[in-house]
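By written order: A, B, C and D. Residues from 1 in each chain.
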Amino acid sequence: MNYPQWVIEGVGGPGVIGLIAVSHVFISQFAVGGGVFLPVTEYLARKRGDAEMLEYCHAHSRFFVILTSVVGAMFGIGIWFAIGLVNPDATAFLIRNFVLAWTIEWVWFFLEVLSLVVYYYGWKTLSPRTHMMVGWAYMFTSLMTLVTINGILTFMLSPGNWVQDHSFWSGMFNPTYWPSLMMRFLVCLALAGLYGLITASRMPKTHGMRTHMLQYSARWFIPTFVLMIFGMAWYYFKLPEAQQAMLYSGVSGFARGNLAILTRISMLTVFFTCTMGLMIYFGAYANPDEFTTGKIVFLMLSALFVTGAGEWTREVLRKPYVIGQVMYSNGVLAADAQTMEDAERPIVPKIHWRRAGESDGEAMFRTECRSCHTLDGYRPLREFLKGRDEKSILNLLRIMRPGDKNPYRHIMPPVVGSDTELASLAHYLGMEVAAAPASH
Amino acid sequence: MNIKDWITRFVEERLPVKAFKDLSAHKTVPEHKQDFWYYFGGISLFFFILLVFTGMVLLFQYQPGLESSHASVLRIVTKVDFGWLIRSIHSWAANLMLVAVIIHMFSVYFMKAYQKPRELTWFTGLGLLGLCMGLGFTGYCLVWDDMAFFATKIGIQIMETVPGGSYVANILRGGPGMGGLTIQRMFALHVVIIPWIFMALLGAHLFFLQIHGNKIPEGIEKSGKYGRVPFFPNFILSDLYVWLIALNLLAVLAALFPWPLGGEADPLAPAPKGIKPEWYFMAMFQLLKLMPAEVGPINGELFGNMLFGIAGAIWATVPIWNPATATGRRGKIAAYIGFAGIVWLISFTIWGYVAKPV
Amino acid sequence: MNIKDWITRFVEERLPVKAFKDLSAHKTVPEHKQDFWYYFGGISLFFFILLVFTGMVLLFQYQPGLESSHASVLRIVTKVDFGWLIRSIHSWAANLMLVAVIIHMFSVYFMKAYQKPRELTWFTGLGLLGLCMGLGFTGYCLVWDDMAFFATKIGIQIMETVPGGSYVANILRGGPGMGGLTIQRMFALHVVIIPWIFMALLGAHLFFLQIHGNKIPEGIEKSGKYGRVPFFPNFILSDLYVWLIALNLLAVLAALFPWPLGGEADPLAPAPKGIKPEWYFMAMFQLLKLMPAEVGPINGELFGNMLFGIAGAIWATVPIWNPATATGRRGKIAAYIGFAGIVWLISFTIWGYVAKPV
Amino acid sequence: MNYPQWVIEGVGGPGVIGLIAVSHVFISQFAVGGGVFLPVTEYLARKRGDAEMLEYCHAHSRFFVILTSVVGAMFGIGIWFAIGLVNPDATAFLIRNFVLAWTIEWVWFFLEVLSLVVYYYGWKTLSPRTHMMVGWAYMFTSLMTLVTINGILTFMLSPGNWVQDHSFWSGMFNPTYWPSLMMRFLVCLALAGLYGLITASRMPKTHGMRTHMLQYSARWFIPTFVLMIFGMAWYYFKLPEAQQAMLYSGVSGFARGNLAILTRISMLTVFFTCTMGLMIYFGAYANPDEFTTGKIVFLMLSALFVTGAGEWTREVLRKPYVIGQVMYSNGVLAADAQTMEDAERPIVPKIHWRRAGESDGEAMFRTECRSCHTLDGYRPLREFLKGRDEKSILNLLRIMRPGDKNPYRHIMPPVVGSDTELASLAHYLGMEVAAAPASH
């Protein structure tokens, strides 16, 4: 409402955020995992007095310098850029409330990069004891970035007591904070193991260390595959009731009919967790000699998919909010919507950025619908509204007004605006739908 | 581990464990830069196994019959717990299996793995491909929706243009027209008759493979740039790994793109516009569509079928006209034919999909 | 005979002919005064093969379904060319197979062929017997005439008395009552699921037999009064001979006593008087009928089923409680139990047939 | 009509005749086969100068002495006895017309036995040349018995021109004479081979002659399995049209429904011919070492069955006649029946033998029905008529009167008698049916 929005046809705004976010999460969790993997492995190597293993750690750590500092930071900025443009209201809201957390996170991240750089460049120069200390510092700081950012991410889904007390700490340590932290930590370990597998697999086969390090890295997955299912269950029970219901309503009459996409994707998340466990066992642990690049590619793809699927599930679970109980995903404040039962309260005056010459309907479309719907691409309105005329669209819009009678209230923000405004939106949509029938 | 010892002894005293161990110790698989292609046979097998199991599960709910076929599939995908998923897996696995089988065939073709002493493996493999297509054709019909009905009808009509084809067509339809017996015939072929023949042929195929081992492409064999991996456990484990990849792919496709189900077939309605066969018949279908009504004195469709017959015969008999003893020229011809085959298959399939319905 | 030479060379260059020849040269079968019993396994196999083929043929005409099952069987036996004959062969072969299997089991039992190292052969054999009875039970239901309907209904009800049985019963019926899904379930089990399990188990059974060879009864082995016949070709040819005898018997029975077909099942009608199961369930059925309503605190039918469970367990575990190392006393007990089993089976079966319907 | 009849409950008269006849045919064709087998084998043995094979012939010939003279003659008398008692009218008719043939046959048989006795007892005493001559004489005479009796047997089925010219030679060399002779000759060869198999199988396994003689005997079946199918076809085409139709009407709408028993049994005859060929190949020829008593028993049973089935087919094909076109199977002359279109011509006065006190109905039953039907056993009338009352039975009997409208005319003799007589028969049958309902 308060800011102009970035319009992306085709994949839509959420698609862009999604792509950047999944990559960002994948890489940054990789980095956190590396923060644990490297010092632990170094510690074990030193304890065993295994020079080869130590050398492996050294080679391995270079990747994390690049990954963490360059790629991680780049994607981090990218995601800020994207969410700022696509959903400026929500971004503004989060910044207003959690600027402290982000500051803290940035500090941890800075320290992490710092200690990592020292860790990498100090392999040959620092004394083992000092180097190990730097390593532990690297581990601690990288974990702390996760500990911090996890608060903001979980807040958006389950604001908990924050809705009442507006306390920073209530928001940070909200109901899903701990299970989410556990799951993300497990994922970090798994990803660390995954990268361990990659570097180990690139060692020459004749090298005995190859088999050793492959099996060593594979063991890093064990906590994930043992504890993840408990983490998921814990997370589920800590979800707000509406979200639980939503996950379950996707399975209403459990398993009958084509399940809601949300449920299907969360099922796939669980499924991939299992198959990846088997892939790592059959591929890396039991058969290290044949664990080659081709196989790793598919393991990576699977990991990427499961990360994406998990994040996507979390995002969609938030529906119809972008920030639980507080702000709908189109930027309309829940507080506003709840008082809009009377049909005469206008919304158009709150739209502060208008394109020159655009109708009220178009402006409303851009503000209220565009963050989730494109015309022809992602969740395409032309297809959804196919065959409806203006009047029928108006009726539909009226049904979608705030209140318990709105059948879409669990999955879509309510439509707000006066009768005249809704008519204007309906007119605009009706013209668009009639103008270029979807070819699907 | 007393129990483990006991089991080991129990088994050793009763089964020829040593013989198995000896066999598996000697069994190796070549390892080289093109060994990637070796996996496609195994992937096909994996999908086949999945198809057998999901097929059995579907069989508990699917009721063949003019009135019940479509209704029971509808019930499966809407009422039965996870029925939509099982059906989706079955359909997707069938299509993926055909993809894998076709890749497998072309890789074998280009590796010249059909040459002596592997001719029988090639022939049985072609037989299996034919049975796969048969399973696809018969299975497609069983849902008895609009598309299935007309695709089956047209498919059988095409058969009729071949001499003696009308006899086969009548057996398949259970009479001159499509009806309840057609479903029954397709059903019998799909769930019992073809699978049993398939199992027998598959047994032979695997037996021949076991005898001759995997073919190393000539160039690689001459260069000596290859190793040998023990079949057990290394290759088996690799196979399992690849199967898991296939399974993940299948899970994503089956869960996110559930196989659609059209409206119940209405034999009296005109064929819907743009009826198209399954993709694995598309290239053939598109070529047949190109045929004029008459080619010289011959019926166009018959001519097209003759063309397939000739092309198929050339393809199938490649071990005979390009044996291991043949000159390099024949090898080149074989390679050109192989490329032509791929090009035709891909281009005509795409063409078939983008072509305007007639 | 140039072609013959060519074929011989062709095969020898491609298949491990020598290995086969070596194997078959070493494979022999004992020959003694009781070798007659060795044929019954082969006879069972022969009937199974016949059942597979006739079953496939029937499958072309039989349409499972509440409305179509009985109607299609009626059509088969009245309208379809030689349909009555195929159905009659299928039914008779099924019954003869069970006779052969039961004789085979008892002969193995009395020869103590279940003893080490042949325990697994015994267990797989018992599994096959169970599957045979399952095929019989499910196949019997498919014609959906009066007798089949009520025999199936009662059979499934008996299952329900066992703890957990109602779960299985509901799967078999496709719900709490008998209906179209019941036919479908029985059909799925009969034509696909049980046959595939059967094939796998049969493979194992034959594999074990191949490893251990035929058992020579102890007495004969000690006396040394036995020879050895090459398996190939002598025993194979003898087997073929015996199969022809079995085929003749089958032909006479199937042609002169065509299997009857009752009226279509009417689920609402009261069960006709004197409903009886197939003969191979008769002894069990008759024993269950003897049970009082309550045996102590236990339901009578449940008690009967427990009795079967215990008796079956004793029977099945004979390789364990009467191993090759056991004393002669155990062997005697085993023999007594075997005789008791035969006496019970025969007497109760006859009793079941002559008993007045209740 | 003219003689008292032998009443057999249960299997019925035809059952007794059948049992005796099948055994008689089986054994006498055996004997004829032996008549060919022995001298031919002796000839081959002498040509080869094979003393062992000669010795085998000697041992073998003993069996034929016993079989031909004792068992053959006994059954021959037995069958005379049975047909004379059960169907005296037909027997009398045949004797009247074919006494010459029977006399000739008896002469041949006498010569056969004579030459066989000389042949057997002369093995050691006669010169090889003389013995061989006796052998050929034995072969010739045994064949001649077949050549002669075949005429009478085939006459009963297809009297051919005899119906017009009443010539003895027309009756003997009737339409089915030659195909029947061919088939019977083939069967004789097969049975000879069968007995050759039996005696050879009883030689010690260590004896090389065993295998040789088994394979030699097995070869005797070759002509049968090669030519039999042509013989059957020839026979079929020479059958009177009514009989062809009958065999085919059993398969009306070929192969549909449960075929008529006649057709099913003739199918079995063909089937057994094929399976026996395979049994002999797999059992005796390819696997002589394992061709033991147990197997032979089943081969014999199969041979007995196929003989029985073949003879039965021929007998049933004759229906409704016992002597084609001349006499119905209940002894009523076709000539009589054809003139009985008027309902007032009585039959009872022609029944010359009456039980004391029996009703006309019972007498009619005994005369007209009894030769084919029992009350409860073979073709049981109580079962066939179950549920019908006297009136309904009378209607049925009327339908069965001579003429083209009788639907049973192809398989049953017509019912003859005046209306009053038929009523009497119906009354008797009605009482019987009501008295003791069939328990089937």
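Just so it is clear, a contact is a pair of C-beta atoms (placed from the backbone, for glycine too) under 8 Å apart; a residue touches a chain by one contact, two chains touch by 3 or more.
Every value quoted in this text rests on a predicted model; they were computed, and no experiment measured them.
S.K.: Looking across all chain pairs, point out the one with the most C-beta pairs in contact.
M.R.: B-C
S.K.: Farthest chain from chain C, comparing Cα centres?
M.R.: A
S.K.: CA centre of chain C versus CA centre of chain D: separation in Å?
M.R.: 40
S.K.: How many Å are there between the centre of chain A and the centre of chain C, using C-alpha atoms for each centre?
M.R.: So the centre of chain A lies 59 Å away from the centre of chain C.
S.K.: How is the touch graph of the chains shaped: line, ring, star, complete or other?
M.R.: Topology of the interface graph: linear, an open chain of contacts.
S.K.: Looking at the complex, which residues from chain C come into contact with chain D?
M.R.: 36, 77-85, 229, 233-235, 237-238, 240-241, 244-245, 247-248, 251-252, 255-256, 258
S.K.: Provide the residue numbers of chain A that touch chain B in the complex, in ascending order.
M.R.: 254-259, 261, 264-265, 267-268, 271-272, 275, 278-279, 282-283, 286-287, 289-290, 294-295, 298, 302, 305
S.K.: Using the touch rule from the top, collect the residues of chain B that touch chain C in their complex.
M.R.: 13-16, 52, 55-56, 59-65, 67-68, 116-120, 171, 174, 180-181, 184-185, 187-188, 191-193, 196, 199, 208, 211-212
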